[in-house]
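For clarity, chains are labelled A, B, C, D, E and F in written order, and residue numbers in each chain start from 1.
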Amino acid sequence: MHPTFALPPSFLGGCLSGPPDAAFQIAGIPFDLGTTNRAGARDAPYAVRRASRMLADGANPCGWADPAALSVVDRGDFELALGDIKQSLELIERQAAGIGHLLAIGGDHTITLALLRALVRRTGPVGLIHFDAHLDTWPDNFGQPLAHGSPFRWALEEGLLDGSRVIQVGIRSPVPRDVHEWTLAQGVTIVTAEEVHLLGPEAVSQRIRSVVGEGRTYLSFDIDAIDPGQAPGTGTPEVGGLTPRESQRLLRGLAGINIVGGDVVEVAPQYDATTVTAQIGAQMMFEILALLALAPK
Amino acid sequence: MHPTFALPPSFLGGCLSGPPDAAFQIAGIPFDLGTTNRAGARDAPYAVRRASRMLADGANPCGWADPAALSVVDRGDFELALGDIKQSLELIERQAAGIGHLLAIGGDHTITLALLRALVRRTGPVGLIHFDAHLDTWPDNFGQPLAHGSPFRWALEEGLLDGSRVIQVGIRSPVPRDVHEWTLAQGVTIVTAEEVHLLGPEAVSQRIRSVVGEGRTYLSFDIDAIDPGQAPGTGTPEVGGLTPRESQRLLRGLAGINIVGGDVVEVAPQYDATTVTAQIGAQMMFEILALLALAPK
Amino acid sequence: MHPTFALPPSFLGGCLSGPPDAAFQIAGIPFDLGTTNRAGARDAPYAVRRASRMLADGANPCGWADPAALSVVDRGDFELALGDIKQSLELIERQAAGIGHLLAIGGDHTITLALLRALVRRTGPVGLIHFDAHLDTWPDNFGQPLAHGSPFRWALEEGLLDGSRVIQVGIRSPVPRDVHEWTLAQGVTIVTAEEVHLLGPEAVSQRIRSVVGEGRTYLSFDIDAIDPGQAPGTGTPEVGGLTPRESQRLLRGLAGINIVGGDVVEVAPQYDATTVTAQIGAQMMFEILALLALAPK
Amino acid sequence: MHPTFALPPSFLGGCLSGPPDAAFQIAGIPFDLGTTNRAGARDAPYAVRRASRMLADGANPCGWADPAALSVVDRGDFELALGDIKQSLELIERQAAGIGHLLAIGGDHTITLALLRALVRRTGPVGLIHFDAHLDTWPDNFGQPLAHGSPFRWALEEGLLDGSRVIQVGIRSPVPRDVHEWTLAQGVTIVTAEEVHLLGPEAVSQRIRSVVGEGRTYLSFDIDAIDPGQAPGTGTPEVGGLTPRESQRLLRGLAGINIVGGDVVEVAPQYDATTVTAQIGAQMMFEILALLALAPK
Amino acid sequence: MHPTFALPPSFLGGCLSGPPDAAFQIAGIPFDLGTTNRAGARDAPYAVRRASRMLADGANPCGWADPAALSVVDRGDFELALGDIKQSLELIERQAAGIGHLLAIGGDHTITLALLRALVRRTGPVGLIHFDAHLDTWPDNFGQPLAHGSPFRWALEEGLLDGSRVIQVGIRSPVPRDVHEWTLAQGVTIVTAEEVHLLGPEAVSQRIRSVVGEGRTYLSFDIDAIDPGQAPGTGTPEVGGLTPRESQRLLRGLAGINIVGGDVVEVAPQYDATTVTAQIGAQMMFEILALLALAPK
Amino acid sequence: MHPTFALPPSFLGGCLSGPPDAAFQIAGIPFDLGTTNRAGARDAPYAVRRASRMLADGANPCGWADPAALSVVDRGDFELALGDIKQSLELIERQAAGIGHLLAIGGDHTITLALLRALVRRTGPVGLIHFDAHLDTWPDNFGQPLAHGSPFRWALEEGLLDGSRVIQVGIRSPVPRDVHEWTLAQGVTIVTAEEVHLLGPEAVSQRIRSVVGEGRTYLSFDIDAIDPGQAPGTGTPEVGGLTPRESQRLLRGLAGINIVGGDVVEVAPQYDATTVTAQIGAQMMFEILALLALAPK
């Protein structure tokens, strides 16, 4: 049985017309046991879906890039183990296992580890485009190895990711020197928020393309990549991030990359008095859906 | 096509198990063109359904009074004519026409006129139990006859209600003398909020029972019957109302009355910073569902 | 009689010293029946006037561009027909008819149609500088032709605007292909929000000047032109808009253009937890007043 | 010149029809330099006036007790000395001096000292009906004698009040024993919030009548008399207060008392996310106006 | 002396003067992994301490019942295991073990199980006075046995509580019949919120005294015992609860009972837009401290 | 180790390890009597310290620039004279007098006058880097000379500042011509917010360096330098300010300047619904600490 925070409406309302077994699927994952600062990402699937109604506004609510090419369904929320991180990750992995291309609405960033396990088990290591304020390669989180500061630590350790095809964009939080060095030692490319500002989105998109190349690539968008002045509703805000417009331009510069799955994580509606963070989350979902539609078959 | 504010989740989540043509149906009516003060009741169906998840909490989410006796379905939101009061009322009436027992989530109070028209057309005049801070028998609203201060004016004029079987509870707003006198002249019984406090809920429930008797009766619950100190999220708040607990005791004192339909109206989520008004709206829906289950067959 | 939401304070407090029949007049138009997503713009005239107090801060509260050249009065709010779009537009047109230069505080964007009718009736077709996230040339809005997605459709159809002298800035919402093509076919120039970012405000201001030329020109500023991360209090937010600073630079680049009237619309205080959107609305009012003061006589 | 926070709308909108020199006058006093906990009462005159629009709702907005007997004007806000308590009190006293019957919207409770000085200078000592959570007879406030915990200390010391005709209702805050004893020693009657609950409003109103008798009486309503669960927007909230309904019944039980002036103080809109505290403030203003109308001539 | 807004953020600021090893200790337990609906109780220790500054207002901030009899210290927050319920409960138990009389600020209700284990290990089974909307004797919580719906299930199963000396007050949530019956079968006394209203606080306090008698008794106050209209900031709100004033009268009626420890749990500041729930939490802490001071030695 | 949400509320929690008499000290100054528009900066020291917990997130919470070089202590809040500006400034000056390098958390901008007096009394006139929307060189504030619009007027008049080494960055509010000209006549350099945008942060940092040179320099950061769209929680917001990222780049461009003290002022938590302004305030504190660490010895 689902906990009460997992009674889902639907992404884009009635505009997603895929059958229950569509190749492209959306799922909510209302998990926030891995948060280290402010809780609440469990309510994000609801809030992001609600905010997505604006993207269905106007006479052509489904008018994004080549919808004919993409049959999508919102399958609702994944079942979780209340209060149990390890078992929840197993449940997420199991539910994600059978889905061709999954776009998840988190939930905190811990879930990406389970999603990568499910994906890679089918197909082998992937590249990663990772938008975030934090590296998320800490080996522990106040003593807890399985939490939202660590998904890519274990993904790299477990061989789910090809380090040389991993790029992190928007990075700016304080980090211990050894975590930073370990990450670089895996071959990971790091682009700070300040570098995005100095170089401009087009140059950074080009950099991303050169890192991930033509191989299979996962896209994980942590909403705290964006500046909390514009996207305040998140658990671990860091001043000095990307603007929403830079984020859109970065994503739109990735058309044609071989995206095989993705997620938007860390929206925390409790801290989002104006609902704008949920709107940005929905918009980023929408942009990633367009990338999935434009990916090579 | 529905406007964007009408993408519904579902009342009590997955716990309402009725078939699409169940005798008892719930519908959202996201209409707020009839508001005279603060707009926003269009978002109430969404917010009230969302808040109803707490009522499904625990291991027996559907454990209210005799659920076996009641097969209910949430049919989603009614279609409306954007920006057009008259045509919207016609659409509401048409959609409600085929439903046996309808419990509506408003929307502003204007909608009750259309719901009574649909109901009475099938069955003849009904009695009315009406919780509100306002009489809602104004002949006009800043020049507009069809708005949220007037549904019962026209319902009485059109013979939809049997005035001697109408009782209004929680009344306290300023009102012109002629509107007050016209209402009394129709045989309507008025119980002020202060009288509820002085007499106690049990005596008032008894009073209601004696007014509506055993005949077919409609129950309309305007959330502004409750004090804005405890239910702030509404468009025309009036200081000095009922407490939520008094409201529950009043409703629970009506078990066995022949309720044939009802609504909860005037929740305005924009003014409900703590979400408590939506919670109270959901609770009142729940109490009315129980009354429907307990009504004589 | 005014509805309760139309009890006005005054723009810039006591600093506007024009006589009741001043050539330049400010009016509030608390109309939101044309909103398709979130209601509430009816409260904007109050909130924007309240926020304008900051612009009167300091020892020289009235120290904007050449105030001696401009005699302005805030005439309060226009009377409207509650719940009736068509009749409200007629009332707006009638009240605007006798005013030389009117700067309106909306209200939703539907009102601009009535304001253009009143203006053009006196003087013949005008050019238009239109800041917005949306084209607002939809032929209908969920079935309703007269709503906030359509004012410029009818203004162009009725010959109120000279299409070749119309420019829209900040555009970015989804739109059906035929609406987009119809708009271009009228000779309208469209500048997206992304183009503003790429070209810079100065180049875009120059573009605007070349489109509208020296002829009589109306300026309509929809607050959703600005990014909802910085101006969240609006009914149909679209991620990826202008910054407030870009908007100011765009407007300041228009000094000397023959502005004959204008409006700031779509502020929705219910969604503006920090009041910043009302502040931006007041600032844009202030900038347009300066343009009116600097316009050729 | 007024500070920016003193740009006034008007109580009850256009419904108060008295001439500028009416015998009954309303004034805002946006003063909060005397607050010891949370600042912000300077914004109350604006918020309370704004909230008063609901009391003008309906077709008979001015339909309170015998309006024909009462000619009232809202004269706007008093001028103050920014940042200077002593000089502000002198300014308040001077501006209040010429007004027959003044009903003030505070501001924090410090202002009542100046208002009593102005009143008593004309007419000799008065009785006092004082609703509050606090005695407000502290000799100092963290070292400051002139602040919101002390107005009645000095009013009693200066002989402005006849201690035997002073009654305080709703009292419940912690207080040092010597302050409590000093207050009782002046002949003051103290009724705690708990006693109101136990005795009921009618008995307490009777108690008030017997204390103040038929003499000239001032009525000061500190909004923190009401429970912060229902009136959260205030600077020094104390759990366990009156309900709004109890407060109304208490005031309505005072009809015929010789009220000669009054105030509603300590509304702090910054802490009033739902605006309900401002609504209650406006309602209490309205109830006191009715008492003024019903007072013996 | 500092004004109250400048108090260091421990409970009652600098007014608790006990040494580090005082017999009476306060501790925060920022744990919310056991929440089934809305997360966020982890931030309660901070918010409740912050709100407690009002209780230190005035010249005698420490003037509650017999402070000379009670030497108290706020020892700060307990250490927890991030993301791990079981290990966190062990840590809580270990840290609580050496404390004579502990008053904890939760955190969600799961923590009470650990606190009872620590307490009983030293002294044998205790009685329980339990204020709550929920029984908290569910055997599982969406599959998780160790969560906030179950602390008293295991406390009874483990023999930490003497069922015949357990009383639950304010109960009103839906509950499966078997959970209800199991609870009664342990000898537990249940008093619903409605019964408190009908019987009055004095009669219920008397009932509590007769149930727990003179033996050692723990007092656990779940803030959702109070109506969400007045205490909205909590994770699992239930309409129809106690008022803050009823709660105070209930607690004050318990003077002299042998209280040996206690807690205030389930404040969730994210849902407490007006901060009033934290204020009520601080007030209930204060009332329990007074009971500890008045307990027989 | 504690999770970040359980840090004791001093700046950076337990990460500042200096002794009580450390050369570098942080102090809160909860003073807001000098505000001319919205009150509330008195609550900023609490809110900024609370927000600083995010800067201690991760495994190396103290990992900023060369912490080994800097021994810092948070000494708590300064004592103030409630309701008395002049006496409060004297108290601030006295408490600051003995501190080597002080970084203050305001409070409103009035406090900087007292801080400069304390600093300069020890060491002679200093240069000033001043981030603000306002010049703060008004000779009076609605009649009050000692308020938040005037600190630098008197600092220049008193010879505390060397006008030729003063630079103001982010300026954009309306200002009377004579105040502007007086400021320039003191040799002060003014850089508007628009100039920062046009020139870029690097060029402006270079400009600052050339103005202040190698001499002893104070850094005062008024949070309203930042655009209210991103930092809404302040008393006198002005549209069109710096972004947080520009601010960070400006400050980081000042490494090596001889900073001898500083402050972050004008955060007003009441208007900061998302807490982001407090986060930005904490971040700017952090950046200035780094500058202090990097200053020449």
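Convention: a contact is a pair of C-beta atoms (placed from the backbone, for glycine too) under 8 Å apart; a residue touches a chain by one contact, two chains touch by 3 or more.
Values in this document were obtained by computation on a predicted structure and should not be read as measured data.
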Item to check | Farthest chain (mean CA position) relative to subunit C | outcome: E
Checklist entry - Centre-to-centre on C-alpha atoms, which chain is most distant from subunit B? => result F
Checklist entry - Cα centroid separation between subunit A and subunit E, in whole Å? => result 39
Checklist entry - When the centre of a chain is set as the mean of its C-alpha atoms, what distance in Å lies between subunit D and subunit E? => result 37
Checklist entry - Which residues belonging to subunit B are in contact with no fewer than two other chains? => result 2, 4-5, 36-37, 53-54, 57, 229-230, 271, 273-274
Checklist entry - Given the complex with subunit F, which residues does subunit C contribute to the contact? => result 53-55, 57-61, 63-64, 226-227, 229-231, 243-245, 248-249, 273-276, 279-280, 283
Item to check | subunit C contact footprint on subunit F (complex, rising order) | outcome: 36-37, 134, 138, 140, 149, 173-177, 179, 193-194, 197, 227-230, 232-233, 236-241, 271-274
Checklist outcome for this item: The answer for subunit F against subunit D in the complex is residues 32-34, 36-40, 42-43, 81-85, 141-144, 146-147, 270-271
Checklist outcome for this item: Seen from subunit E, its contact residues with subunit F in the complex are 1-3, 5-6, 8-9, 28, 30, 42-43, 45-46, 50, 76-77, 79-80, 82
Checklist entry - Which residues of subunit A touch subunit B in the complex? => result 2, 4-5, 7-10, 13-14, 46, 50, 53-54, 56-57
